[in-house]
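Each structure below appears as structure tokens.
Each of the two complexes below includes chain A, the first together with chain B, the second together with chain C.
Right, the complex of A and B next:
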């Protein structure tokens, strides 16, 4: 029945379609984007108030607090990654589409990053200012946050896929994701601390970049497998 | 006529319960397979398992003579799926949803205007899906099937939520699909009469 007038979607068109759709959905429902961002901003601004105005203490705790806030903000938003797709039947359609499911899973994770991770990276310089971090560390912090949030979106998509069929799977999602996210948190926060102390940061950045690449290549396959199981 | 879609020695469990075993079916071009049975007999499960959303305990489903498990891609590019949950995003309008579909599968967008007209959706194409009635949402799901260049239609209770005209419409488009050489698998507790060759699987 294939007609000459039909369009034949290539291998990337499914990926592009999913990213475009999810970003469009986020645009139409800005609350979903703003919630984690607001959470991130709240934590990062409340901490300096609680710790006190001493610049030394703020600089000492700043990188850790910003990174924990970023991690929690990402976890907060990951819950709903596949939930609405599962509930409205879109997930069935995605699984039954001729597009490779790992690519669609990658698209979901990238769309999640575009709508939560990227805004978070973009507002992070404001947080750096509230913690009185040296200006030179801001770019390093943003770079580590880029690698970190991309990794978190990808790792989180595995957890979200595993728990999508469960009611109240959010606690389980955190349990699944947190052990995998620990290296990101440790290296991310430590690299920013080192940058603030004018120390060598290359090793930390390389590690985060490598972790991000590993997540980019492997996580979509794990997510796809998990989706097939959870969607029974 | 050669078999296009066939199932061999199929057995499906949900939990500890065996829904059916030793189930066989075969479908050629232009044929309709109706899965019948009371509520809870496993119609939807059988349909989902044939599509590949559930795993059979034993047996194989073949498409064009090749086990589906060995060539998901070929099977899925020929498949479109319609079920209770229509699979559209409530915040996007009909056109945006259908445009998304065209990125996923081979479809003929030049027919879009005609298809929307036929399904009486033309006037509401820019409304978000969530404000549509359940019946109208089913019509949008029908639009997905009509636009797709897929040989196999799988429908779970296609008449749910549809008015009289809508039910006639489903029968008409199914008949046309079969006449053009397509295949159709329908799970329904309502009797479906479509002339031409109809095969039946009855579950207890």
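Right, the complex of A and C next:
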């Protein structure tokens, strides 16, 4: 971390401060963290009830269901990413601050991941066990979910920034982001299926990691541009 | 060097110039599509495997190609509008989006109709091109939905331009990932090493239709941009003078 020179805060201090603030806010209001998790668990429960309890079918559809549930849970929470900041005016302060806005946007996305993506990854083994997933597959699934949820937080932050302050923003956010998120879903779910079939998984994991790096590099700039536009 | 560019970007000048340009796109476009469709449907020999069913490519391939082309036109003009703040190029992006969605829908529909005799199903999830066209259609819908959701037109232009550019980065990735998903679709016949795998009597009508559709697309975009410009500039003096030459305003 860069040390502060004189009275000027370093370039990373804004990033750290925003992450700390958002995580603290989530800590004080645990409902915001738990709701997406309950949503995730509930979608994963809907499928066995709809498909039927046969172990073979559950094993077959498990990876897809867990991934779809993770995608929807992440989307649900993304809607409020900039909402409270927009309402109480702190978004204006973020934009006006001398700190580079892309870094602050990155901080918002990382804080979102820490408060929704990471808990989701941590509870996902429970869903996997109910879907009769073999133990060796679970670690692969968690790895794909780590890369996937980071990418989703970053990609989704662009959509959240574009739709902040709009009426019916949440439906719009899904409409805008879901088609763009398909590569994450395809590679995530497919890699877990391959792992369950004892097939080679390296290609899928490399792809997800590459996508995650690309999103880390480019998405903050798009989010910053979008924030400037929607907050004009 | 840039004066012509600025002149072109000025709405009244564009409005006058585009009126002269539309016939240059529409006439060759109609001629090529009439030739291509007639030659494709009546003169070209039937395919030895697919029989007459293959003739749907004379609509399917140009529509599929234009669904991509239109997105490129849309994303590039949205980018130009965002970077240099040229309102006219935002108008081009706004005008192109519904056309792109329509071409995508046409490609999907013809692909699905074609799939019925070829694969025995209307819809084949295993086919990567059909699936990525469907995602393309959703991307167009998302773009148009964002545009209509924002009331302030300037803000709508710029926000949707960001989305168009994010989409432009993502579309190749989406295609690749859907491709990875394994394929049932016949391989590429038009663009491949050693020339197209198609006799010339079948090929020329197809090329004529591709070029013809593109010209028609140009004419349609120009026409739509004209109405878009008129609407956006409806409070400006030049539009009033144009529409009410006598000056008898209320």
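To be clear about the criterion, the second predicted complex is superposed on the first by the 223 of 232 C-alpha atoms of A that agree within 3 Å, B and C clash if a C-alpha of one lies under 4 Å from a C-alpha of the other, contacts with A are read in each partner's own complex, and residues count from 1 in each chain.
We take it that contacts are C-beta pairs under 8 Å (C-beta built on N, C-alpha and C of every residue); 3 or more make two chains touch, one makes a residue touch a chain.
All of these numbers come straight from a predicted model, not from anything done at the bench.
Enquirer: Give one of first, second, both or neither to describe whether A:232 is in contact with chain B, with chain C, with both, or with none.
Expert: Once the two structures are laid over each other on A, A:232 reaches both partners.
Enquirer: Between chain B (first) and chain C (second), which, if any, makes contact with A:163: first, second, both or neither?
Expert: It touches chain C, and chain B stays clear.
Enquirer: Looking at the overlay, does A:99 come into contact with chain B only (first), chain C only (second), both, or neither?
Expert: Only chain B is touched by A:99; chain C is not.
Enquirer: A:207 in the overlay: touching chain B, chain C, both, or neither? Say first, second, both or neither.
Expert: Only chain C; A:207 stays clear of chain B.
Enquirer: Of the partners chain B and chain C, which touch A:179 in the superposed model: first, second, both, neither?
Expert: second
Enquirer: Between chain B (first) and chain C (second), which does A:89 come into contact with in this model arrangement: first, second, both, or neither?
Expert: Once the two structures are laid over each other on A, A:89 reaches chain B alone.
Enquirer: Answer with first, second, both or neither: which of chain B and chain C does A:21 touch in the superposed model?
Expert: In the superposition, A:21 contacts chain B only.
Enquirer: Between chain B and chain C, whom does A:9 touch in the aligned arrangement: first, second, both, or neither?
Expert: Only chain B is touched by A:9; chain C is not.
Enquirer: Just which bits of chain A does chain B share with chain C as contact spots?
Expert: On chain A, the residues that contact chain B in one structure and chain C in the other are 232.
Enquirer: Looking at the complex, which residues from chain A come into contact with chain B?
Expert: Against chain B, the touching part of chain A is residues 1-3, 5-9, 13-14, 16-18, 20-21, 24-25, 28-29, 84, 87-100, 231-232.
Enquirer: Where on chain C is chain A touching in the complex?
Expert: Interface residues on the chain C side: 82, 135, 138-139, 141-143, 145-146, 149-150, 155, 158-159, 162-163, 165-167, 169-170, 173-174, 176-178, 180-181.
Enquirer: Where on chain A does chain C make contact in their complex?
Expert: 158, 162-163, 166-169, 172, 175-180, 182-183, 186-187, 190, 207, 211, 218, 222, 225-226, 229-230, 232
Enquirer: Touching residues of chain B toward chain A in the complex: what are they?
Expert: Checking each residue of chain B against chain A gives 51-55, 73, 76-77, 79, 81, 83-92, 96, 100-110, 149-151, 180-182.
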